[in-house]
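In what follows, chain A forms one complex with chain B and a second complex with chain C.
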Partner chain A sequence: MPRSLIHVLAWPLLGVFLIALPHVLSFSQQEILAYLVFNVLLVASYRLLTLTGEWSLGHVVIMGVGAYGSALYTKHFGVPVPVSMLLGAGTAALIAMVLSYPLFRMKGFYFLIGSFAAGEIIRLLWKRYREPFGGPKGLKRIDPMPDIDIGIWSFDFFEPVSYYYFALAVVAVCLWIMWRIERSPVGLTFHAVHWQDNLAESAGVNVRAYRTLAFVIASGFAGLSGALMAHYIGTINPTSFDVEQMVFVLTWAIVGGTATFYGPILGCVVLTILNEIVLREMGFEQMRPMIYGLVMILSVLFLPKGLESIVQRLVGRKPAPGALAEPTRMEDRA
Partner chain B sequence: MIELLAQTGLNALYAAAYMSLVAVGLVLIFGVMGVINFAHGELFMMGAYTVVALYTDFQMPYVLVVGLAVMFVGALGIFMEWSMFRPLRDNPLGGLVASIGFLMILQAAVSMGFGVRMEHVPPVTQEVIEFSDRVRLPVQRLVVILAAVVLLAALWAFLKKTRFGWALRASAQDREAAALQGISIRQTAQIAMFIGAGLAGVAGALTAPLISVNPHMGHSVIIAAFIVIIVGGIGSLEGAVIAAVIYAFVHTFVTTFYDGVVADIVGLSLMLLVLVVKPTGLFGTADRA
Partner chain C sequence: MIAKFFQKGVSRRKFLGTTASAAGLGLVGSTLPKRAFAADKTVKVGFLAPLTGPVAAWGKPGLDGCEIWAEWVNDAGGLEIGGETYAVEFVGYDNEYDPAKARAGATKLIREDGVKFIMMLGGDTWAGVERVADQTGMLFSTLLPSDLGPETTTLIAPAEVHPVYNVTGVEWMAEQHPDLKTAVICAQDDALGLPSVATYLAAFEAAGIEMQQEPLLFDPATTDFAPVVTKLISDNPDIVCLDTCYADYVHPIVEQLFQQGYEGQIISCTADFYDQMVEKTSKEFMEGFIFQFPDFDDPELNKDFINFKDPNKFFEVYNERHPGEWGAVSWEYASIMDLWAAAAQKAGSVEPDAVLEAMTADGSGKHAFGDADWWGEDLFGIDHALVGNWPVVRIEDGKARIMAYKSIPEWYDKHGELLKKHMADFGQMWNQRG
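Our next item is the complex of A and B:
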């Protein structure tokens, strides 16, 4: 088959596959699939943040800001659900904006630890204040998506399949926007800020402003992912967004590789399948964290460029211009 | 009121003692290998579970068990150096991620071996020193404080007075220059890892009868240790000890007069403040950072 034909057919085929997929899965697998869609958005937004070279440990808490925000807007102000999600995402971006003032005085390792501290403080505030955050037990009975009737189709969003389609559409649009951002002059400047920050600065680029911009945009998408999740499961608490969840996101990104757009998404999908489908159904329930940990260690040791490097070898493409050997140059700046 | 202050001060002193053992180990590992050991809290946990296994279950003498805990956790440290940190020497983020993976393995192993429930370690000694009715210091806590003082003094003497100590400090300052002087980087890294992990292990073993021992106990320890090493200036051993004392007093007093969550928030805010105002920490120097 000629190469161009594959390119033309790839997207429609993927679309058909994703639409057909839930119908061959069991109910619990459908639920996992819905989660997978939220997580793909989360990890893709995480990569947008890492484009400028900073690795945050607060990203899951930012996701939680979106979740708490959206849930509280519906609860206290009666905002209808899809609108509240956008407001939640906006809140996450706003909080990220505020946090960027102290955090972007730091770089590299200090940023990593600083973002962790900032995230933990937010999380502990949710835990401490029963009003309005619900304390350690969190928020319950979050408003679900209202049913929608469009002509012959009616969507009952208590059904995982319906919610999956909804989330899939939202996430597809978000991924497209992020892709466009990365390919725009702004996105190229993000790369420049990462790999040549002194040069970029001397060329008149406001490095800190671009770091902040990447952080704010990424946080907005993470917040949206959190909001999507909150209105699906209907209950959130501070533990849903603790450092253990952050470790999973970090692992997806590292195992997948962050040099390409699809790397972290690939890592998320592969590890979720490994985790949920293979390990859970094979009955390794207790051993799952252990195997997960082992996969993490083995992949940094033996596959430092991530799963994406395997794909690139198979497809026979050269890595993207920004993609160098090591995941980050933290040692230069730490 | 004075009695409450005195009692809280004693509690803080005890917290400072075991926190400084953990934090100094973390700093030592970072200094020599340049890697942040996220699994350090779990090494602390492994020390505590050594006590659960050998002292509670097998009834071996406590002093012997503490010694074995140091050896066992120190050996785990050497294993980490050999299997992860040495191959990932030029990839600090990789080392950090690998240590997170190791943390999950240790947690899962302990959960499978002992169960996720809290373990009860019977007290080694019931004796309590009573200063007054309401100011009491259990002897076990006194042991932790004394052990911290002795061990940290011994470490200080080792680093400043022995050839091994010189080699260790030299390779912490400049790895290549040290290697040119004929210092074995591999050997110093292993010594640093053994001491660092061993200190976490001894802290876990000594505090096991006093705290709730469970597979997730390392979590709060590592967060506190991060706060301490950042406030103290990463790479500074003296800074870590002083910051451990400051942090322990602030945290214990806020816990007593408000509550534990507020104390955590105060501690984290303190760290954020130091990061913003003086990222090299209170005692770190610019070139070490």
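Our next item is the complex of A and C:
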């Protein structure tokens, strides 16, 4: 089949697959599917940040800023949930903008540690102040997404399938925007800032401004994923956004690979299915941490360019033009 | 976030001793193997608690205890309910103390496994499950009554009224050692530590014991407890209170108290795996350590008013199967099952609403440590906590021994306002949450 035809058919087929998917899953798998969609947005936004060469340890906390922001806007100001989600995302972007001033005085490993410290400060503020953040217990009974009736369709967003469709639509739009950004001159400049920052600077590129831009945009999307999560689960607390969660995001990105747009998404999907469905279904409920860790070690040893390299070999193509970079790995930064 | 994994506290689970091997040997699959019995039907009960991760010590031993409970019930022919005989089967789901996973787990247990009752540790995870409970009407239990509120109509706290029972330890200690006049307290700054701090402060105040310092709240990520302990004992207090710290904190704090030469009284909510603490310090140092959770081989548990069936045998079987893993929750979930089974038999049904109605109808119930009352509106906004006597335990010659049973309601009748004041100061009253 001609490659162009495959390309034309791929997106509609993917769309049909994603729409049909929840109907072949069990109830608990539908729940996991909904969380998977939030996490896809989170990890995709993380890759956008890494395009400029900086790896952050505060991305999950920024996700939490969006979650807390959105929850508080609905709780205290009565803002409708969809609007509060956008405001939460905006708040995350705004906080990222503020953090960028001290953080982008650093690079590489120092930025990594600085981002961790900044994230911990935010997290500890949530724990410290019961008003308005709820202290260690966090926020509970966060307003859910209101049910919607559109003609013959009725969406009860307590149900995972309804929320999945809602989140899928939101995340699809976000991924499209991120993909467009990466393919735009701005995205190419992000790559240039990563791989040839001195050259880019000599050509008149404001390297720091572009790093800040990537950080802010990525944080906005991370904040939106947090908001989607908060209004579904109905509760958030500082532990939901601690460094252990960040390790997951890093793992998804590392195992999936970051040379392509889909690499981290692939990592997130495969590892989540492995951890939450396959191992549980196989009866390895309490051995999952050990097996999951083993899989990660094996993938780093035997798939150093990530799961995306398997896909590339299967379809026989190199990373897309927008992804000029070799796989961006933590060890490269050291 | 859906994910938490191996990074989370592998070292912390060292207190479970044989985590990996135990998982490999006995815990592959958390449902009970089906046994041969005369039962007509099987009723499934959900066990939705952390089975891995740093909080696993308050989940996994409970499931192990439940498996023994079910085995005994099923071997005896099952439960006679409404003219039919039911075998009991537990279906476990590891929520990793994550609200999102707890929600997914509750959905699975209710909608896929068809359970009739779900036992939880509670805490952060209850918040993730609350809407599922609202929508389905499923009966849930929690070990943490701070989850209760006027709207949690299908949630019960029938085993432990944490942290209110901690008042009994302080009361007994003050009666026995009136010379102890000053105290300090430390706790992790989280949802478990804070209400317990409020309770201990009320209990100390009621007993006329003066606090030397403000409560020392440390971050749950703390690993070096030397500076914590140095500050704690800097004024040479008569009593060091370890609040409701996780085992991961109690052990290093006690080691530090030993190494830094503290010679006063220690009181704590729990002392899980205390034999390891005795090994790390000394019998002499641990002598007189007061806490609230007995070993079930204690002869005091054979008294007539104890409702837990054959506690000594239960302890023996548990330790044969899971040596070194006996902890505070090993018996609690099983004791909840005693209450549930009695209520189901009384109702003649396993349906959640009928069982709840039968359980709470006359305002009293048979708690593991004696007859008790459904109580809590004052503190939790709803009378869904089963409160009665609670044991005070002391380590003597390296072994935990029950010293007395003290009445929680009697203490509350005298000092309830004090408790409410301290709870309110820490934002822990039901109407101050979230």
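Simple rule for what comes next: the second predicted complex is superposed on the first by the 319 of 334 C-alpha atoms of A that agree within 3 Å, B and C clash if a C-alpha of one lies under 4 Å from a C-alpha of the other, contacts with A are read in each partner's own complex, and residues count from 1 in each chain.
Just so it is clear, a residue touches a chain if its C-beta (ideal position, glycine included) is under 8 Å from a C-beta of that chain, and two chains touch if they have at least 3 such contacts.
As the structure is a prediction and not an experimental result, all values here were calculated from the model.
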Fit-or-clash call for chain B and chain C when the two complexes are aligned on chain A
clash
Contacts of A:88 with chain B and chain C, given as first, second, both or neither:
neither
Is A:66 in contact with chain B, with chain C, with both, or with neither (first, second, both, neither)?
neither
Contact-wise, after the overlay, does A:55 reach chain B, chain C, both or neither (first, second, both, neither)?
first
After the superposition on A, what does A:247 contact: first (chain B), second (chain C), both or neither?
both
Let me test your reading of the model: by the given contact rule, A:290 touches which partner, first (chain B), second (chain C), both or neither?
both
Looking at chain A, does chain B or chain C touch a larger number of its residues?
C
For A:304, is the partner it touches chain B (first), chain C (second), both, or none of the two (neither)?
first
Quick one: classify A:31 as touching chain B (first), chain C (second), both or neither.
second
Just to be sure I read the superposition right, which of the two partners does A:264 touch: chain B = first, chain C = second, or both, or neither?
neither
Does chain B (first) or chain C (second) touch A:109, or do both, or does neither?
first
Steric overlap of chain C with chain B in the superposed model, located at which of 135-143, 189-197 or 243-251
243-251
Under the contact rule defined above, give the chain A residues that sit at the interface with chain B and also at the interface with chain C.
124, 127, 247, 251, 286-290, 292-293
As the complex stands, chain A meets chain C at residues 26-28, 30-32, 35-36, 38-39, 60, 124, 127, 130, 134-141, 144, 158, 160, 229, 233-235, 237, 239-242, 244-245, 247-248, 251, 271-272, 275-276, 280, 283-290, 292-293
Touching residues (chain side chain A, partner chain B) in the complex:
55, 102, 105-106, 109-110, 113-114, 116-118, 120-121, 124-125, 127-128, 243, 247, 250-251, 254, 286-290, 292-297, 300-301, 304, 326-328, 330-331, 334
Quick check on the complex: what are the chain C residues that touch chain A?
1-8, 10, 20, 23-24, 27-30, 51-53, 60, 92-94, 98-100, 103-105, 107-108, 111-112, 124, 127-128, 130-131, 135, 189-191, 193-194, 219-221, 427, 433-434
Applying the document's contact rule, which stretches of chain B touch chain A when the two form their complex?
34, 36, 83-84, 87-88, 90-94, 97-98, 100-105, 107-109, 111-112, 219, 223, 226-227, 230, 261-262, 264-265, 268-269, 271-272, 275-276, 279, 289
